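Got some structures for you, see below.
Next, two complexes with chain A in common: one pairs it with chain B, the other with chain C.
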Partner chain A sequence: MNELLAEFLRGYTATNEWSAIMPEIMLALLALGLLVSEMFLPKAQHHLIPRIAIWGQVLIGVYAFSCIGGCLTSSGSFFSGMILQTDVSQMMRPFFLLSSILVCYLGRIYLSQQSLAKTEFYHLVLIISAAMMLLVQSSNFVMLFVALETVTVAFYVLVGYCRTSPFSLEGGLKYLILGSLSSAILLFGIVLLYGVAGNPQLPGASPDSLNFQSLQAFIALNQFTGGNLLVNVGAILVVAGICFKIGAVPFQIWVPDVYQGAPTPVTAFLAVASKAAGFIVLLVLVQGPFLALNELLVPVLSFIAAATILFGNIAAVTQRNLKRLMGLSGIAHAGYLLIGVVAVMRGVEWAVYAVIFYLVTYLLASFAVFGVMAITAKADDANQQLDDYANYSRKQPFLSGVLTLGLGSLAGIPPLGGFIAKLFLFVAAYQAGLYGLIAIAILGVVISIYYYFGWIRECYFGVPTSEIVEDTCGQSTVADRTLLGALVAGTVLVGVLPAVLPIIP
Partner chain B sequence: MLDILFYIFAAITLISGLMMVLSPNAVTGAICMIVCFINTAALFVLLEAFFLAILQILVYAGAVMVIFIFIIMLLDADEDSHSYLRDKMSVAGTIVGFALLVVLIFSAFVSSGALPETALQAVAENPSGEGQGIPFTTSAKSFGYSLFTKYMLPFQVTGFLLLASMIGVIVVSKRQEEAK
Partner chain C sequence: MNDTNAYFLLAAILAPILAGVILLFGARFTDTTRRAIAAFGFGWPLVIGIMLYGLFVPGLAGEYNFELRLPTGLESIGIYLHLGLNGISMPLFILAGTVGFAAGLYSMYSDAERPHLYLALLLFMLGGLMGTFASIDVFFFYFFHELALIPTFIMIGIWGGVGRRGAAIEMTIYLTLGALLSLLGLIALYVESGAASFSLPELRDYLASQPLSETVQNNIYALLLFGFGILVSLFPFHSWAPKGYAVAPTGAAMLHAGVLKKFGLYGLLQIAGPLLPAGAAHWFPWLIWLALGNILIIGLVTLAQRDLKMMLGYSSVMHMGYAFLGLACFSVVGAGGALLMMVAHGFSVALLFMLSTCIYHRSQTFDMSAMGSLATKTPVLAAFFVAGIMASIGLPGFGNFWGEFTIFVALAESELTRWLVAPAAIGIIISAIYGLRAVGNIFYGQPSEAFAERLESAPIEDLKGFEKLPACILVGALLLTGIFPRIFSDDANRELAEIYPAAEHHFPASAGVSEPAATTIYQEDAH
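Let's look at the complex of A and B:
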């Protein structure tokens, strides 16, 4: 290898700063360590594996949390433009870690009722969590696609994890086929952008046209000179691929079946972390490479937001299966969050933090609800009907209290976190002048109160339709109660004192 | 000499491709497809794209074909269910395929934007320092340079992607020992 070449290549490796992605590396090592410990631990000690997974993540979480404060001055571009660390991506690390810790905890409850492979579940959850962290940092389409595929492929497995249940397998297959379709759409958009931005005959063409920064410069220059059809088509296709992942309306078709079939912890993970990652990527894209395409994307995303809110809420009204209900209401929440994204595109900078705040309250409330569902679920996990909760408050007063507060927060009832989060989003939308969208969102919230409170009513005043079978499942341990209590306390605390979350500047 | 080789390989590619579509037996079709792939690899060699040729053999003629034959074996495809252009989908597919062929031939040879004679650059052996990007070449070495310098992080993440899919296959397919 000659000197010139070595010097040239050193230019690329100069920014390979591995310590900048330390939490991701530690998570990946922990995931590998779980597999190794399953091999070497004696069978009697296998119950330690979930504990290793959870406590290891707690330690990594402490480390990642300390990174926000700035003990590590790692913000900027690394790996020759592959990742770009911002304060948003630093905030999302503890978010993903918190959700994966909760998923591991719920997974332990779920797996104790099933005879399935156990270690691989935690392994995949950790891999997904690490890949999501990289996903929200990526500033190059190659990195974005690889991280996104890692997340998606691991989710295919997790959705179909319960292979003894036909619902789970059906959900896994549907997610596999539709997810591959959406990946193909996304990839097609990326390739169009790559091709058109690498065309040397156009102004601003760059040899590194997958990089977000050079793409942003290219698109801005071409919008200035009248726009380019291929850029528009590529951007629309990329946004469509992301909209599939967050379950926005024309691409929401997979949500109810997959949410119903997937094991309850995986449903929670899909609903919270996968959606959050999708929204952060969308925010990065509309503030970065697609910044100059606002004229095109604002009407498209506004329309999608309105349709998503209405569809999710109206379809959820008649739903009796609770996992499908959570899926459909999750679609509606994606619609509210899209309003925040549109507000960012209209120039309201702090709406980014309103979106993150909403995601945090959504995490707290959703995991409280899904936690109760995971504890209450019988061996037939996919079939959780509203009728199962008839008179639930007599049997489980504490759990139904948790359920009530969680659902109340999701519906946006005043003293709880969900209300404040919705308020922030609506204020941002008001500042951006999105009056029509606010009206639709408020209509959606009113509809959502109907079905959320239908569930609560069933808990407290429902009359059991059939003979109550003496069930052994659904007993909560002290640890379960502590965790759920902490989630609910967090929801209330955020609602009363929003300043405890130092997100909104 | 090269021209004669090109015509031989191209003819074998076309004939085997046609036979693959027309053969009534699924296994015969699969073998014709392998012949087609190998000859495409030979065409790549004639174009001095050795790396692509190796990939073509390893990935398509090797891995993909094993999966195809495996599936044929599992599904036990019978010979009788063979009929051309009976349903609307196959008619539509045929029309679209020939339309694509016409467009490709037209744009390559007829229209004003026809392929230029010498516009394709000679294959560079090493990436050079000009510009900011690593220039794309067809030699295996330049792929290695890119993967281990600029695309180091995605390359590592791809390893975990493959690991996750491998674990997934094991989880979904392994026979579980009964609950203790």
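Let's look at the complex of A and C:
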């Protein structure tokens, strides 16, 4: 035992591996600290906990932000190939932190209207954020699976967080069952790959066959000699497992119900951060271990992208429940992003950054919309109908302005950020020669105008009525306004001056 | 490269937007403050436009005056905020400034609910318009167009007339489709050309040295033609226009029908035609048949309208057909005629939309058959309306005449298109019929009983000052272009001669036709 400890200490002092994942460690400690502080703080001071969570994350965010460009931690491989840090994974750290900060803020609004346990919410959000950071850095299927399960299990709890709402419980149960199913599919794929790549009889077999690099070498060698059925099946199953996380057709079936049932902040977290993590993992996989399988995966993913765009947009047209609408339109956005992934696979390298750019603008716009929804929601927030927003611009001119800009950006209207993001994706797709997908994407955008503008229309174009119902719900504080104002200002700024987001090299 | 005057160009775009942002938060401003800010935003672009016209240096064919090139963060795909004016964009820049000023003046005194929001949206629209015609970069050309388009939808939705909800969403979806198709065409142009730049001169130089294959040109031209065509209400894609204009609030209708709609034509004139000559030749038969559809079919539909605003909407769709015919000729004369037509039509249609609202305020109806002998009460309004209708028919003395006439000359120039003169001339007769009939029905003739009673009892006043001034500006502009079209045509001619060189041989069937001296004919017309 002592020898082991000595070995560990020697390893620790010889390298600075642990400092490479300092932001994740700090997040986890902060998460634990929240639980501890609930125990020790007097009841009257419990309102400090969300503040500790938010400001702690802001500090970590500043630290993580300084890691971009590798001035503190060098990028590279750590923990014997478990983790590979690239500039993409460094960029995603502030992304996940920003989304978890916003989720904590929205959670504070949401939880103030409910009588539920409060501290655990923030704890779980922080854990998910840390696990997502590790997920996008993982360079080994074991690491990938562990990080992914940490995220998913915490989400099971968060989706069903509102125990008093049947919608929330239903959503939680659906997410649990279908999430486990997808984890099983993913695991089955991993096991197949592990078995094949570890078979010493095959050329290129490696004892460390779950490592992305050795797997990549093995698959490339096998493709060269004619391919291997088990590799193909395994890769397809892994991709299917990821597609479940990003809500792509045909694994989208859980999205509307779960988005509707989950508390609004959790819906936002699922829509933005979970989807982003899924896409980065997909990008890592198709550029790493599955690089040699392009011939198989490009048609599959192209087909999925087309079906996802069409399904998401067409299903959203008739939707009047707004959380389901956001879920279905989120499916459509996953389809657009998949076009970027396919473009990467067709050799347009910079499409990776186009995808990240899209994710950032999606974050800004989505959180603006979800923020307005969280503020407007009554105690039963699963049931937000389009009709609730009739004449909204007269009751809440500022919030409806935020909503309009957020939805406009999601629809891809210039001069908002969403438009520039779509422009990058389309240019990348055109360079990759994906003409059919672009045509479908344009059709999708045109359809999406109908439901996004339908919502805006509800806010603004209602018949002016003399009796405006005064309701106490849906009043925003100065802090809410500042935050939402900053989000839409960011959206407009990115649209007018994309240079403020130095993602595209 | 960035000379000082170029920053005035930038200021012409930013000033209305800035004024709009201030007004957006100005719900509590007094009327005077609001009008002062709005007047600055509406007037500034026109002042700059006239100033830059004075400073315009001719003789730089193929080059741009007042060039400004700023990075915005899209350099990686070859996009810069690249502004400048040449002989083709200058007239349209002035058109945007003039119509914007007139529409702004009228709107400042209109009785719209939530006036700060109304004026702010109109100012955003104007900023976008100024940007569209000042852009050299084809991406920003598109970007500014969209910036101007979005406020239109919102304004129709909030302040529109009966049926605004349906009209707003139909227009939004239709025009988004058109805009996306043209964006796709521009992206295709960027990628296929390999120029690694969205800048128009660079694309042109690059494509001149290594033209695209014919198939690629045909495909890209189709995207641009139908994308821009939807935005200009090319024949089978026009249904959004009359409905949209019929319900649009006056300011939005003036700016959209008068200026914004010219975006698509300008795109075809300045981008699609010169860069993709083979594509233009391939789609030439399609374009003339669709343009004839605009002139004849929509002309007959216009004849059947009883609603004044619907009639104006359809007639504006119809007149776009002439501009398309001019473009289809693919010659210096044709393109120049289309350009003059665009400018003059912009003034006249804005004038007519404004006056139709003035008429409505006095008659409380748009139904022309119900009105009559309004001129007895409002002689000045009648005079302006008659002037607008005469201009729209193409009476000599107004700018529209030179546009139509030059287009006819261009059609007659080539044997291939000579037969088109006859059906196109029928269109003029049609527009004379419905135009004069409208004048007769509204201002003269027998009023219906209910209307006669209204004329007796209701206090109907003639045009007020805030209605007269914009009308004077627009009629003045029409007369100026009608009497002295050289102010625009000389610079445009020089530019067009540069980018439409030896155009005739692009037509497959006219290879043997000797090319007439296009430039000289054009200049004679212009006198």
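As a working rule, the second predicted complex is superposed on the first by the 479 of 505 C-alpha atoms of A that agree within 3 Å, B and C clash if a C-alpha of one lies under 4 Å from a C-alpha of the other, contacts with A are read in each partner's own complex, and residues count from 1 in each chain.
The definition used in the following text is that a contact is a pair of C-beta atoms (placed from the backbone, for glycine too) under 8 Å apart; a residue touches a chain by one contact, two chains touch by 3 or more.
Note that the coordinates shown come from a computational prediction; the quantities given were computed from them, not determined experimentally.
Student: Examine A:213 and indicate which partner it touches, taking first as chain B and second as chain C; both and neither are also allowed.
Tutor: The answer is neither, since A:213 touches no partner chain.
Student: Looking at the overlay, does A:180 come into contact with chain B only (first), chain C only (second), both, or neither?
Tutor: The answer is neither, since A:180 touches no partner chain.
Student: Once chain A of both complexes is superposed, is A:408 in touch with chain B (first), chain C (second), both, or neither?
Tutor: A:408: touches chain C, not chain B.
Student: One more residue to check, A:157. First (chain B), second (chain C), both or neither?
Tutor: first
Student: Tell me the contact category for A:86 with respect to chain B and chain C: first, second, both or neither.
Tutor: neither
Student: Considering only touches as defined above, state whether A:127 meets chain B (first), chain C (second), both or neither.
Tutor: first
Student: Touching A:294, do we find chain B (first), chain C (second), both, or neither?
Tutor: A:294 sits against neither chain B nor chain C.
Student: For A:232, using the defined touch cut-off, is the partner it touches chain B, chain C, both, or neither? Pick first, second, both or neither.
Tutor: A:232 sits against neither chain B nor chain C.
Student: Same chain A residues contacting chain B and chain C, which ones?
Tutor: Shared contact residues on chain A: none.
Student: For the complex, give me every residue of chain B touching chain A.
Tutor: Within the complex, chain B contacts chain A at residues 126-129, 131-135, 145, 149-154, 157-158, 160-161, 163-165, 167-168, 170-172, 174, 176, 178-179.
Student: Quick check: in the complex, which residue numbers of chain C touch chain A?
Tutor: 27, 71-74, 76-77, 113, 139, 142-143, 146-147, 150, 153-154, 157-158, 164-165, 168-169, 172-173, 176-177, 180-181, 183-184, 187-188, 190-191
Student: Where on chain A does chain C make contact in their complex?
Tutor: The touching residues are 350, 397, 408, 413-415, 419-420, 423-424, 426-427, 430-431, 438, 442, 445-446, 449-450, 453-454, 456-457, 460-461, 464, 496-502, 504-505.
Student: Mind pulling up the chain A residues that touch chain B in the complex?
Tutor: Those in contact with chain B are residues 2, 4-5, 7-9, 12-13, 16, 21, 28, 35, 79-80, 82-83, 115-117, 120, 123-124, 127, 130-131, 134, 142-143, 146-147, 149-150, 153-154, 156-157, 160-161, 163, 172, 206-208.
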